[in-house]
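Labels A, B and C are assigned to the chains in the order they are written; within every chain, residues are numbered from 1.
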Amino acid sequence: MSDPGRDIVGALAALALMLTNGVVLIYMLRKVLGRFHLRLGPMRVGWRGLLQTPMDVVKLLTKEDFEPAMTDKWVFRLAPLVVFVPSFAAYLPLAFSPTLRFAGLETGALFILTALAIIPVGVLMAGWASNSKWSLLGGMRATAQQIAYEVPLLLALVGPVMLAGSLDMTEIVLSQQGAWLGVLPRWYVIPQFGAFVLFFIAALAELNQTPFDMSVAESELVEGFANEYSGMKFAFFFLAEFSNSFIIAALMVTLFFGGWLVPFVDPGLTAPIAPVVFLVKVYLVIFVLMWIRATLPRIRIDQLLAFGWKGMIPFGLLWILSTGLVMKLAEVTG
Amino acid sequence: MAYGLGLLKGMGVAFRNLVRGPITVQYPDERLALPQRARWAVIPLWDGSGATRCTACTNCVRACPDGILDLRVTTREDKTKHIDAFDYEIGACMMCGLCVEACPFDAIAMGQDYELATSDVERMTVSLLSDVDAASARREKPASEAVAPAPGDAPAGEA
Amino acid sequence: MPERRSHSMPEALPGSIPAEGAVVASRLPVGLRRVPRGVDELATEHLVVNMGPQHPSTHGVLHILLELDGEEVIAAEASLGYLHRGIEKLAESRRYNQITTLVDRADYASGIHSEWAYALAVEELLGIEAPPKAQWIRALMGEINRLASHLLWYGTFGLDSGAMGPFLYCMRDREALLDILETVTGQRMMFNYVRPGGVAMDLPPEAEPMIRKFVAGFPRALSEFHDLITGNEIIQARIKGIGTIDAQTALAFGMTGGCLRGAGVPWDVRTAKPYGPYQQLDFSVPLGTVGDTWDRYMVRMEEMEQSLRMVGQLLEGIPEGEHMAKVPKVLRPPAGEAYACVESPRGELGIHLVSDGSDTPARMRMRSPALYNLSVIDEVLPGCLIADVVVIVGSLDIVLGEIDR
C-alpha cells in the first residue's frame, strides 16, 4: 500500500476507534457508576441496555441544534471542532502491538501532549461564546486548570522517557520487557512510582474528571462551559471527553504498565493478541478513573491551582533530578 | 500534603458497595408490597350482601380539607335517602385519610392502588357510588362519637 | 366550607413608604442594594449572577443573587417566595383537625416535628395533655424522622461537594426509615399522624422488628458515611475554616439548631424547654467550637448517633396506655393564644396559634428555623468563592418548604 493510502487508512481506523470507544465508554460509565451507586444503570433499551448509547447518538443527531441569541456565532460553532480535532489527532501515535499503529511517530508521547494542549483553547472559546455567565465561569476555570496541569503531566512523562531513552511509543513499550529477579515485571510503575502518581493526578486534572471537575461542576454550573450546547455540537464535546480518557489511559498504560506486554511471556508469542492486552489494560485504568469519579468530591479551584503550581511542579522537577542522578550513578558504577 | 489514606478508605467503601450489589427493585416488573396502613385512593366498601354501607351522612364531605368529595342525595317522602352521585376528585386528593376517619359506618376505606397516573382529564374525577339507595342509619353504630375511629383497623366485611 | 375572614391592613411602619418626592433608585438589579461597581477605575465589572431558582444544588427553589468579582462573592442576597403556598392563610379557614395536613407540608423533610409543635400548641389551648404512651410514640417517630432528615442532608451535602456516592448510600438507609414510617403512619412523607391529644393510631406489631433491624444495622452504615466524607481530605480542605458564623452573629440572626450549636451555644429545645419524654431519656447534645462548616457538619453527624441511641431507648421504654386522649371530634379551643416549639432537625420550630373560640383559628404563624438560618448568608457569604457558597448553604440544612410556607 502506498504511503498516502496507508496514512488515510490509518486515519480512518483511528476515527473508527474513537467513535466506537465513545459509544463503549458511555455505556461503561453509566453501568459502572450505576453499580457503584447501588443501582443498575440502563437496562431497558436493548438487552441490559446495550442499545442505549446508539439510541442516544441517534437522539443527539436529531436534536434541534439551536444557538442562543447573542452568542458569538462563529466562535460558538468552531469551539466543538477545536476540542474534537486535537483529541482525534492524539490517537495517531498509540502503539497497540509491535507492528500495529496508526502512524509511526518518533515523538509520539510529546505529540499526544501537544495535541491535548490545544483543547483548553476550544474550552475557552465555548465558555466565552455561550453568552452566559455560568458558562464563562466554567470555561475560565477549565482553561486555568488544564493549562496549569499540563506542566506536571509533561514533567511526569520525562522520567519514563529518560529510562526508555526515546519518545516513540513502541520503543517505550519494548524497553519494559523482561523482569527483575524473574519476579517483578520491568514496568516503569515500580521504579518511577512518584512519576506515576504525578501523572495520575495531572491526568485527572487534564480530563476534567472528579476530583478536578470544577469546570463541569454539576452541582454548581450544571454543565459548565458546555451549558448552552445541544445536539451534535454537544455530542462533539461529550465524545472528546471520552476519547481524551482513552488517550490518557493509553498513555499511562504505555508509559507505566508495559503497553501491550504480558508479564513473564515472550513478546513475540503475544504479538497476535497484543492489541487485546493493550485494550484490556486501558479499560482497567478507565475503570479506576470511573471508580474515583463515583466516590470522591471535588476540590475547589483555588486549592486545585495552588496544589498544581506549588505542589506538583516542584515535586516533578525534584523527581526528574533524582531520576537523572540515579541513572548517572548506575552508569558510573556500572 | 498527606492526601492519601482518607481518600483510599472512601474508595474502599465504594468498592465494598459495588460488590454488595444493587438494591434496585425493577418496577414495573417487580413491585414492593405495601404495608397494611398505606393510604392511597379512597375506595367504597360493601357489606356482606354487596350493598353500600354509606348512609349519606356527609361526615366525610365535611371532613375533607380540600372539599373534593361531592355527595348528591335526594331524600324521599318516607325519609329514606337515595344517593344520586358520590364523586371523588382523585386528582386533587392528598390521601390524608380524614374522610375515612370521619365515616362512622365504615363505608369508605383508603385503598392501596397507587398506579393512578393518567393522561385523561376525565379520569381525574372518579365516581365512588352512583344511583344507589343509601343504607339505613339506624343500624348498629361502632365506637362512640368522642374518638375518631382508627382507619388502620381491619374493615369489617369485604373491601 | 367556612367563610373566609378578612382582616384590615395594618398601618404602615414609619419609613417603609418613601416620602413625597424622594428619589428611588430604579436601575438597581432587583434585590441587590448596590449597583455593581468597577475596580480601581478600570472598567472591570462585577458580575451579577443568579444562583437558582433552577439549580442543581440549592435545596429547593432558592434564588440567590450573587455579585461576583471573578470567583469571589462581594454581595449576596436571597430572593425567596418561589415555594410560597399560603399555608398560614389557609390555616385560618381550616378546622383544627385539618390543619395537621397543612403543617406537614411546610417542612416536608420533618413532618412529625411540625405536626408535634402544632399538636402541642392546640393542647395548650385546650388545656389537656397527651397520654404518656402517645408522647413516647411521638418521640420515637420524631427521632426516626430526625434521622431521615439528617440522612437527606448528608447525602445532598456530599452531592453539593461533588461526591455522588454518599447520596445514594444514604438513600438506602433512608428507605429503611421511610418504610418504618409508612408501616406506622400510612405515608412516607405527609404523615397526618400526630394529632392534638395524641397520635392517630397505635404502633402496629410489625413496626418493632423493623425498627430493631434498622437500629442494629445503622452503626455500620454510619461508620461508612464517616469514611466517605468525614475522613476525606478533600472535604476537610474544603470545609474547615469556611463560613464561620460565631456565636454572637448566630444569636443576632436568630439561628437555632445545628447551626447555633455548631457555634458553641448549647441551646436545644429538648433540654432547654423539655417536652414529651425527653427528660427521661439519656442523650447528649453535641456542640461545636468555632462555628465553621466543619463544626456544623460534625454536630449533625453526632446528632445522628444520639438519635440512634434515643430510638433504642424509646423502643424499650414505651409505657402502656392509650394512644389518644379524649378530645371532641370538632375541636373548639377557648379563645386565647399559645406558642409551642419543638426541636426539629433544622432548629426551633414553633407554632403560634391564636384562637377566637370558633372551630377555625384566627391566626396560625409558623416560626420556621430554616428562614432564620438562611438569613445569615448576607453576612457570611461575602468573601467566599462560589464553590464555598454551595457548601455553606448546604451546611445550613434548609428546606425551602418551611422557609416560604
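One rule holds in what follows: a contact is a pair of C-beta atoms (placed from the backbone, for glycine too) under 8 Å apart; a residue touches a chain by one contact, two chains touch by 3 or more.
Since the structure is predicted, the reported quantities are computational estimates derived from the model, not experimental observations.
When every chain is reduced to the mean of its CA atoms, the largest separation from subunit B belongs to A. By count of C-beta pairs in contact, A-C exceeds the other of the chain pairs A-B and A-C. In whole angstrom, the spacing between the mean C-alpha positions of subunit B and subunit C is 29. Per-chain Cα centroids separate subunit A from subunit B by 55 Å. Rounded to a whole number, the gap between the C-alpha centres of subunit A and subunit C is 44 angstrom.
Taken residue by residue, subunit C touches two or more other chains at 165, 169, 172, 228-229, 232, 234, whereas all remaining positions touch fewer. Contact with two or more other chains is made by residues 36-39, 294-296 of subunit A.
Annotation for subunit B: residues 7, 10, 13-14, 17, 23 touch two or more other chains. By the touch criterion stated above, subunit A contacts subunit C in their complex at residues 33, 36-39, 133-134, 137, 141, 210-211, 213-214, 217-220, 222, 293-303.
Against subunit B, in their complex, subunit A makes its touches with residues 34-40, 43, 291-292, 294-296, 307, 311. Per the touch definition, subunit B reaches subunit A in the complex via residues 1, 7, 10-11, 13-15, 17-18, 20-24, 26. Residues 47, 49, 55-57, 71, 158-165, 168-169, 172, 228-229, 232, 234-235, 237-238, 385-388, 390 of subunit C are the ones that touch subunit A when the two sit in their complex.
Here subunit C touches subunit B in the complex through residues 1, 94, 97-98, 101-102, 165, 169, 172, 175, 179, 182-187, 190, 192, 200-202, 204, 206, 224, 227-229, 231-234, 236, 324, 326-329, going by the rule given at the top.
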